[in-house]
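Labels run A, B, C, D, E and F following the written order; every chain starts at residue 1.
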Amino acid sequence: MNNPTVGDVPPKLTGKISPDRIRLLRAPRPPHGLIEGFQRLADATSVVSDIMDELGITGVIGASVLKPTLPSARIVGPALTVRNILQAEHVYETAREHVNRMAEFEAHNLALPGDVVVIDGVAGVSNMGGISAQTGKRQGEAGAVVSGGIRDLAHSRRVDYPLWATQITPVTGKWRIETVEINGDVQIAGVRVSPGDLVVADETGVCFIPIERAAEVLELAERKAALEDEKCAAIEAGTAVADLPTKA
Amino acid sequence: MNNPTVGDVPPKLTGKISPDRIRLLRAPRPPHGLIEGFQRLADATSVVSDIMDELGITGVIGASVLKPTLPSARIVGPALTVRNILQAEHVYETAREHVNRMAEFEAHNLALPGDVVVIDGVAGVSNMGGISAQTGKRQGEAGAVVSGGIRDLAHSRRVDYPLWATQITPVTGKWRIETVEINGDVQIAGVRVSPGDLVVADETGVCFIPIERAAEVLELAERKAALEDEKCAAIEAGTAVADLPTKA
Amino acid sequence: MNNPTVGDVPPKLTGKISPDRIRLLRAPRPPHGLIEGFQRLADATSVVSDIMDELGITGVIGASVLKPTLPSARIVGPALTVRNILQAEHVYETAREHVNRMAEFEAHNLALPGDVVVIDGVAGVSNMGGISAQTGKRQGEAGAVVSGGIRDLAHSRRVDYPLWATQITPVTGKWRIETVEINGDVQIAGVRVSPGDLVVADETGVCFIPIERAAEVLELAERKAALEDEKCAAIEAGTAVADLPTKA
Amino acid sequence: MNNPTVGDVPPKLTGKISPDRIRLLRAPRPPHGLIEGFQRLADATSVVSDIMDELGITGVIGASVLKPTLPSARIVGPALTVRNILQAEHVYETAREHVNRMAEFEAHNLALPGDVVVIDGVAGVSNMGGISAQTGKRQGEAGAVVSGGIRDLAHSRRVDYPLWATQITPVTGKWRIETVEINGDVQIAGVRVSPGDLVVADETGVCFIPIERAAEVLELAERKAALEDEKCAAIEAGTAVADLPTKA
Amino acid sequence: MNNPTVGDVPPKLTGKISPDRIRLLRAPRPPHGLIEGFQRLADATSVVSDIMDELGITGVIGASVLKPTLPSARIVGPALTVRNILQAEHVYETAREHVNRMAEFEAHNLALPGDVVVIDGVAGVSNMGGISAQTGKRQGEAGAVVSGGIRDLAHSRRVDYPLWATQITPVTGKWRIETVEINGDVQIAGVRVSPGDLVVADETGVCFIPIERAAEVLELAERKAALEDEKCAAIEAGTAVADLPTKA
Amino acid sequence: MNNPTVGDVPPKLTGKISPDRIRLLRAPRPPHGLIEGFQRLADATSVVSDIMDELGITGVIGASVLKPTLPSARIVGPALTVRNILQAEHVYETAREHVNRMAEFEAHNLALPGDVVVIDGVAGVSNMGGISAQTGKRQGEAGAVVSGGIRDLAHSRRVDYPLWATQITPVTGKWRIETVEINGDVQIAGVRVSPGDLVVADETGVCFIPIERAAEVLELAERKAALEDEKCAAIEAGTAVADLPTKA
């Protein structure tokens, strides 16, 4: 497991992708306590989405699009981004000749505990399988968000590594896609994501918060959550609908 | 909780929607025993759909379109309808200025125990969140059917309030949509629904039965269910496929 | 239950479909041990899909398209194919007059233990309901794969009969569709399937393997699975990502 | 033809829709010269869309969604809105019994010259046919925008009445839909439209401008168009790309 | 060109498809005068669709689905049906080895003047190209309707052979699909079509009329067209909207 | 206009994109005569697609996906690639503050006569407008292929600059997208395209040929076209269908 400490140095690279295509070896880290703050929020993505709305920040995707593999999972962590595109060669040839240009393992290699791997992937094929999920888990990642297919659901569940993905398919990306960038800016289901952006994901969807706005978002989200708690208490107490508090 | 008794009067309104846009304060109530009859049916939506077919009644939607949040839930109750459309203003402005024009809480306010809130909502945004679901539960509603997005799945599950919806997303409708009608005729995924129509929903889908045909549908459904029980018994008894009864 | 033994003769036909539209009464059977071999594979559809890629065999469909009703189910068995198309008459008339032209019961009638019923069905309506699933279970089938709708999920789960289908809907196919062929070549979500092809299905998707290639696929799949086990062991042992074996 | 003059009175109603469902007999009229100003803009929808962006006004839909029937047509005029929803009865019965609840002819009846009929219609069926288009033309309308199907393209082209619609189909709405509101607020492909909003439509798409912002939009659009003319002149004059003006 | 005369015998077969897969060498021919009657109808598919509605006949598809290649074309003729499904082999191999299993040329071979080739084809690939269209034209066919892709638009236009298709793509079906049936019952975009069914197609869509109902449909369509002519004359004469005849 | 001669030097950059994001100032040029050879092919994309199939080369997209703005246009030329992704900021702010990060003008700046600009763009917004098209025309480009929206169809037609695009919309990309790469490898509708790849586009679709295979493709395409000419001649000569040559 990679521990981000003073004197933290990135690990030996796997070489699966040219080093000049790794835009950042270490994405910006969130300040102390921020992750924990977001983790304490109930109905996290909704309250975060509301605050992002109020602040004019875009970056929320519904669970109808990014479907969770572990419905009860809720994760918070900085994005470690990966961009995959199609290979040019015919898969008939690359599969026979074992031409493998996927490099999300380099992302696992670079991951620090708590990171969320965010893959701008290729539709119709798997951009992350079970062994990869298991590796991510071993590295201490919080989970992954994939625009594109994933596979081996039983495997990733067994190791308790949560994924949000647009598709599920046994068809490998190994012979079909190429990882062309790590820790560059990517595009996920109509949202731009930068390395280090804070990812908040639960059964309702996924929010990507620019890291420099994250503290502000958290503070307002906590206030809003408190107002919501008051409203829920009033509902439980039997307050008539017309008399419920309206601020939350 | 609102109890529909002799002398039942609707509650004080919330004012979230102009009273002249509430077409009916009280939708027609099903005759005694009808709800219970439908609740006793196994594989309810399928047998009801078959009878509606035979009687030339439209109004059935599959669970691929209206997806349940609680797969084991099965509900029966009269429709309390809500119609939402988009706001005209830019969400950047309405979110900052807290311009909230949603009024499904007025529907909760008017709901009688057993009602099913049916929302002809806006796609891509949430038309009902967790606090709203909790309020509906407190009011004694059976659940809700939403054409459009919903959010806070963990919250609505925790309070055991079942929803069927076309989408799931954290993005609030608060600053984006306006409730323009309660208890008017609405359109849900290609079906017209009137207030008081009987809603039967389970993991296979949702049926909307015109209330004036509901007793007839139930009677025929019960007969059909009995025939199906006979067929199942024959299967369990080992009857050869070619000799199974063919009426069900 | 139909036991395929020496002297096996097909059962008395149901007559739901003209006998000349049954292309084969008995599809080719896989050699002894083959089914069991595939059943032992972990992450079965992914490893099988990889080998099919390497051998230039098409025939894999993701679980985003063919969605499982029992996520933990994993089945392997020879395909017994059914082709449904729409009826020409108006459903208003056929429902009233009980014109039923579905004949997947003839497939159940012909099924041998372990068979997988593969239905090239009609979209938007149910091509297999709960009683049919129960019949299939009684006949010893492994399950069914349906391009089109199915219904009665609670029923098929109760009898533990797994289905993979593109849609779920209460709307019956009885009055709307006609079974026009049994054990002909069919097309499922962009894949051609022949009777006797080996079906491997799990939560990640469905593979259709031409029976004459199945032994070869299994042998290579077992080798690959062993390599994957080694890789997983290395991950668990804490091997650095850059030093993990790369053959799997 | 209806001429909006001093003392203008709406015509005798057709009775195809209950008068209380006509929210306004006369939508607000644009100030003198406004229509003509927008008509003079080249590439009208694009320059208008840009100004709406700058002013934070939503309301633009692309021609991939609202497809024009007459590609060279370009229209500008105030919206006269119509809302259609499905009928509840089975079309088998309503067609046989000629139950016609469409009332877009009431909109033609109320139309003033230059109006654009904007129909929030039903998908999969025709919300406006050739005779209706011919009537609209006779009334002096500029054209129509339909969210839903239309039919009789040869007819509407012959009378030179341009339409923008999401679908084309021979299937009539007559027996399938009901007009439930005229000159209410409607929703067109993700945009809210109010009666009197200015519609600008060409081969690239459709813009809906709130009437109270229209003069402001026009003034800025004219300025922008002038800058674009300068840029085009520079291109024609052979200015190097790096030296082209960048304001437009 | 094939002339259907007394003593008409089908031509020598091409052998591209097994003769036992040709269900009929000659589809039923419409009675004398029927084709011409339908050809005289203005706005043909709409008026025909209306009558089919009134008689409870299904079989109409909009031009948003079956898009015409020659917008001004309008054709009427009996269906000569073709069914294509995918090949099982990998296209990498079949293309290299020139394995061509398409047989729509056998349909051209069997076509009588005025026939409409109706192909239940494969999506994403071409089911009819330019040379095939030219052959159909030479044989005297009225045109073709294709559920699936077509190609060589310039070629088919040059020889004035109109097509209605769901897709356009240069990708050949030659190495990818197999024609498995000629003059069987097929399914086109949710409609069942039998050989000999009358096809009426124009820019608004396509109607398939069961041949045994065609005379009845024509008679009612002519009556309706006459009523529509009266309504159009009234519009041209300036009749107020509220006073227009309402029967058409 | 940029003339690629001996001593050709790229022009002064516009600075709209960081120079280190321009992967190549000059893409590889096709050998003399190659472009002209492809231009002579009738039904060009189909015959080219066939040869690519035979050689195991992927890279063909149908006109249902990439829709032409000028149906009669047919272009051949080397790809000059552009990659756009979304901006991160809210469009409400970027539009008001005129934050423009599009840089396809840098591509026009770098274009040599005959180049085809290939944009891996953003869906739902315009990635190329009329002034940009006019600039491309002035620079001598053959046209453009855009995965994403375009606008100002009247403008680009007036200057006779053909485009193939997935969408049409007035909504500008200026304030919404950022050009992040020029002459890198891009992905267009499921096909990988490299700078210098030969683009062949007509009304049936678009082919992208790796430049190093282009001569081989042309030679085989010419042979195939000759065989097709023979077949067309045989058709015109009245050869019976069963006797037509089968090689083309």
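Following the convention adopted for this analysis, a contact is a pair of C-beta atoms (placed from the backbone, for glycine too) under 8 Å apart; a residue touches a chain by one contact, two chains touch by 3 or more.
This structure is a prediction, so every number in the text was calculated from the model and none was measured.
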**OP:** Select the chain at the greatest separation from chain E, using centres from the mean of Cα atoms.
**Re:** A
**OP:** Have a look at D-E, A-E or C-D and name the one that copies the A-B interface, over half of its contact pairs being the same.
**Re:** D-E
**OP:** Averaged over CA atoms, how far is the centre of chain E from the centre of chain F? Could you give it in whole Å?
**Re:** 34
**OP:** Give, as an integer number of Å, the spacing between the C-alpha centres of chain F and chain C.
**Re:** 42
**OP:** Name the residues of chain E that each touch 2 or more other chains.
**Re:** 56, 90, 92-93, 124
**OP:** Make each chain a node and each touching pair an edge, then name the shape: line, ring, star, complete, other.
**Re:** other
Original post:
Every pair of chains that touch: which are they?
Top reply: A-B, A-C, A-E, A-F, B-C, B-D, B-F, C-D, C-E, D-E, D-F, E-F
Subject >> Touching residues (chain side chain A, partner chain E) in the complex >> reply: 90, 92-93
Original post:
What does chain E use to touch chain F in their complex?
Top reply: 11-15, 91-92, 95-96, 98, 100, 105-106, 108-109, 124, 126, 129-131, 134-135, 138-139, 149, 151-155, 166-172, 174-175
Original post:
Contact residues on chain B for chain D in the complex?
Top reply: 56-59, 85-90, 92-93, 122-124, 180, 185-187, 190-192, 194, 210
**OP:** Would you pull the chain F residues touching chain E in the complex into a rising list?
**Re:** 42-43, 45-46, 48-50, 53-54, 56, 60-64, 71-72, 202-205, 207, 228, 231-232, 235-236, 238, 240-242, 244, 246, 248
